[in-house]
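Mind looking over this structure? Questions follow.
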Amino acid sequence: MFEEMLKNVRQRSPLIHNITNYVTVNDCANILLACGASPIMADDIGEVEDITAICAGLNINIGTLNSRTIPGMFAAGKKANELTHPVLLDPVGAGASALRTRTALGLLDEVKFTVIRGNISEIKTLATGSGSTKGVDADVADSVTRENLPQAVAFAKSFAEKTGAVVAITGAIDIVASADKAYCIFNGHPMMSSITGTGCQLSALTTAYVAASPGSELEAVAAAVCAMGVCGEIAHERLGDADGNSSYRNYIIDAMYNLTGYALDRRAKYEIL
Amino acid sequence: MFEEMLKNVRQRSPLIHNITNYVTVNDCANILLACGASPIMADDIGEVEDITAICAGLNINIGTLNSRTIPGMFAAGKKANELTHPVLLDPVGAGASALRTRTALGLLDEVKFTVIRGNISEIKTLATGSGSTKGVDADVADSVTRENLPQAVAFAKSFAEKTGAVVAITGAIDIVASADKAYCIFNGHPMMSSITGTGCQLSALTTAYVAASPGSELEAVAAAVCAMGVCGEIAHERLGDADGNSSYRNYIIDAMYNLTGYALDRRAKYEIL
Amino acid sequence: MFEEMLKNVRQRSPLIHNITNYVTVNDCANILLACGASPIMADDIGEVEDITAICAGLNINIGTLNSRTIPGMFAAGKKANELTHPVLLDPVGAGASALRTRTALGLLDEVKFTVIRGNISEIKTLATGSGSTKGVDADVADSVTRENLPQAVAFAKSFAEKTGAVVAITGAIDIVASADKAYCIFNGHPMMSSITGTGCQLSALTTAYVAASPGSELEAVAAAVCAMGVCGEIAHERLGDADGNSSYRNYIIDAMYNLTGYALDRRAKYEIL
């Protein structure tokens, strides 16, 4: 089923506007090219509306946010809403500083997001509105495990209902939820956390998948999350003795470049709750 | 003949000042080192004049331009002109936003460029002065082919005459033109467009080639364009089954590191019109 | 002996706050992950204090400094001092522009650094307070050789005494000095200078080593410098005929990922003066 989503990206080659951090921006551009989409990066208030207008989707990632780029995030988000383009929020480090928490919450208030993708701590920060990394909801543990999966899924669905967005909580187990349906995805490899930017890359990729399959947001996000995990697995199988995290980064992007819809469907491991 | 240009870069190791986007900046630095030059990146108005003064050439790339860096582009360009250093303009995305078009046209007005390098759409935007990606000159098609090559060459020569710069229009076929002579270059591989930043890298490389061979600007630009294309070919021959665009990016830079003048001359494919 | 330092990093996995340039920032993040630490990048005055407060060490690198990020460097440095977190200064390009020299000297005035790491020219600029790249102390030559090593060590010790910091002068021979003890390190490979960012990566790595071994600053810095050099050697041994500086960059980070304490101690080449 995810095969169709992958093919849509390759056939429609959506142009994705990224307002993203300068740490992983090159990898975000290359993963978009690898999957068949096209990237454009622009963050200045003086041009973000023009750029978003020629794109098919907008990816807002708040890592290395600053006083100059924050207004660009708001302006681009509102413009994309006007044009009914899909918009994704990656609240990198929400909870780690008051500025990040405040910015992410402000964006949630003023922009309608199609997808919100982050790790469990970031999503909890958004859900509880708390500006502290310690302000964690006691009912949802800090990592998603087989044991607490039902509670985590309930939390994701509830936050999806509240925001109207597809919520993707990624980690060892990934949850992709709308208000009433959730994919629990078991692909990926622990070594993915030894590379900077796999989360950022996934957000860029997800924006492309959603932009290419309008009307199938939940499935498109699940397909993108599976695709990233499957590429993490394929890349891990390729590692030689001397390889480490830098080669692994390259191999993941390479795997995305070579990923077929058949391989994606065959390797996807998920349950629907 | 291009062999001499390559040797000049390796022997003189010009220090190149880059004001460039944060997407591909690392690749620009590494391609400069690969070819034998040295990079320095600096974009703040408070230091760009000092930095340009100690360099041999200036590369201005407007990707991810912003309100803070634009004044630095103008100041550095003017300073480089004063010092008669070669200056290259890469009008990334001119036509995609009014800010980019306006900035590129403003730079053309106030700075004398030695080289202007972009894709056909960007160069057309500069030539027509139009702020729209749709404002395309009807006489020059949007991609350069064997069929429309004479018209594209005439367009490039005319823009070179108007600006006094060597004009490099790169794509499947590359055109490098002065007012009265043009190299049409047939090197490269289509897969180069699946990597972010091959254009940006070429602009950095070209600045180094021009800086190392003063008085031979046209030939230096042609040599740089050929070198990039040849490295794209060599890197493509090296690809294994599991490799994709990320490994390809590394292999292109590796190929530049290992490129000899002999291989460049032997593999260069061009016609002079 | 360095084995213990490496193990401390892997066991304690310090979170390192980096205010660094956009050229090599991705490599800095990946080398931190490779060594077992965790990176966070944040440069806006609106959040640097919050971010530093949750970290174990701060790495201030002035490459691509600008009017927006400079105040963030001062604020973060002062906050880290308050919290007695280790702070490293990498004065990239001090001497190349008045802005860089002035900023580096201002930081030295207002922030207490645990480590200062740069090349010989940068450190001389700081020591002489001169804003010119030509303002070189006549007693210390511009590259450290076997012949002038005693003078260079005396210079490093004297600057360490003056600043109260561990001073690391890196190049073909590396010197890591406190006021009364210096490690002269002979690891590394000349090809490391053909990659952008080995110095920046070393600064990030060093911050992690110092953060993980409080009370053993001198040895921790020496261990980090040795580790980087050893990885440069291991990566060089791995190069194939077609490999160049881009693959070399990946192999160095890979080598750090796979580096064992045993290999570090066995390959470390140093003298204590």
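We just call them A, B and C in the order they show up, numbering each chain from 1.
Convention: a contact is a pair of C-beta atoms (placed from the backbone, for glycine too) under 8 Å apart; a residue touches a chain by one contact, two chains touch by 3 or more.
On a predicted model such as this, the values are computed, not experimentally measured, just so you know.
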item: Graph class of chain-chain contacts, one of line, ring, star, complete, other; value: complete
item: Rotation angle (°) superposing Cα atoms of chain A on chain B, nearest 5; value: 120
item: Interface numbering overlap (same over half, different under half) for chain A and chain C; value: different
item: Chain centre separation (chain A, chain C; CA means) in Å; value: 33
item: Per-residue multi-chain contacts in chain A, two or more chains; value: 22, 26, 68, 249-250
item: Chain B residues touching chain C - in the complex, by the definition given at the top; value: 22, 25-26, 29-30, 33-34, 39-47, 50-51, 54, 68, 238, 249-258
item: For the chain C and chain B complex, residues of the former touching the latter; value: 21-24, 26-27, 63-68, 93, 96-100, 133, 194-197, 242-247, 249-250
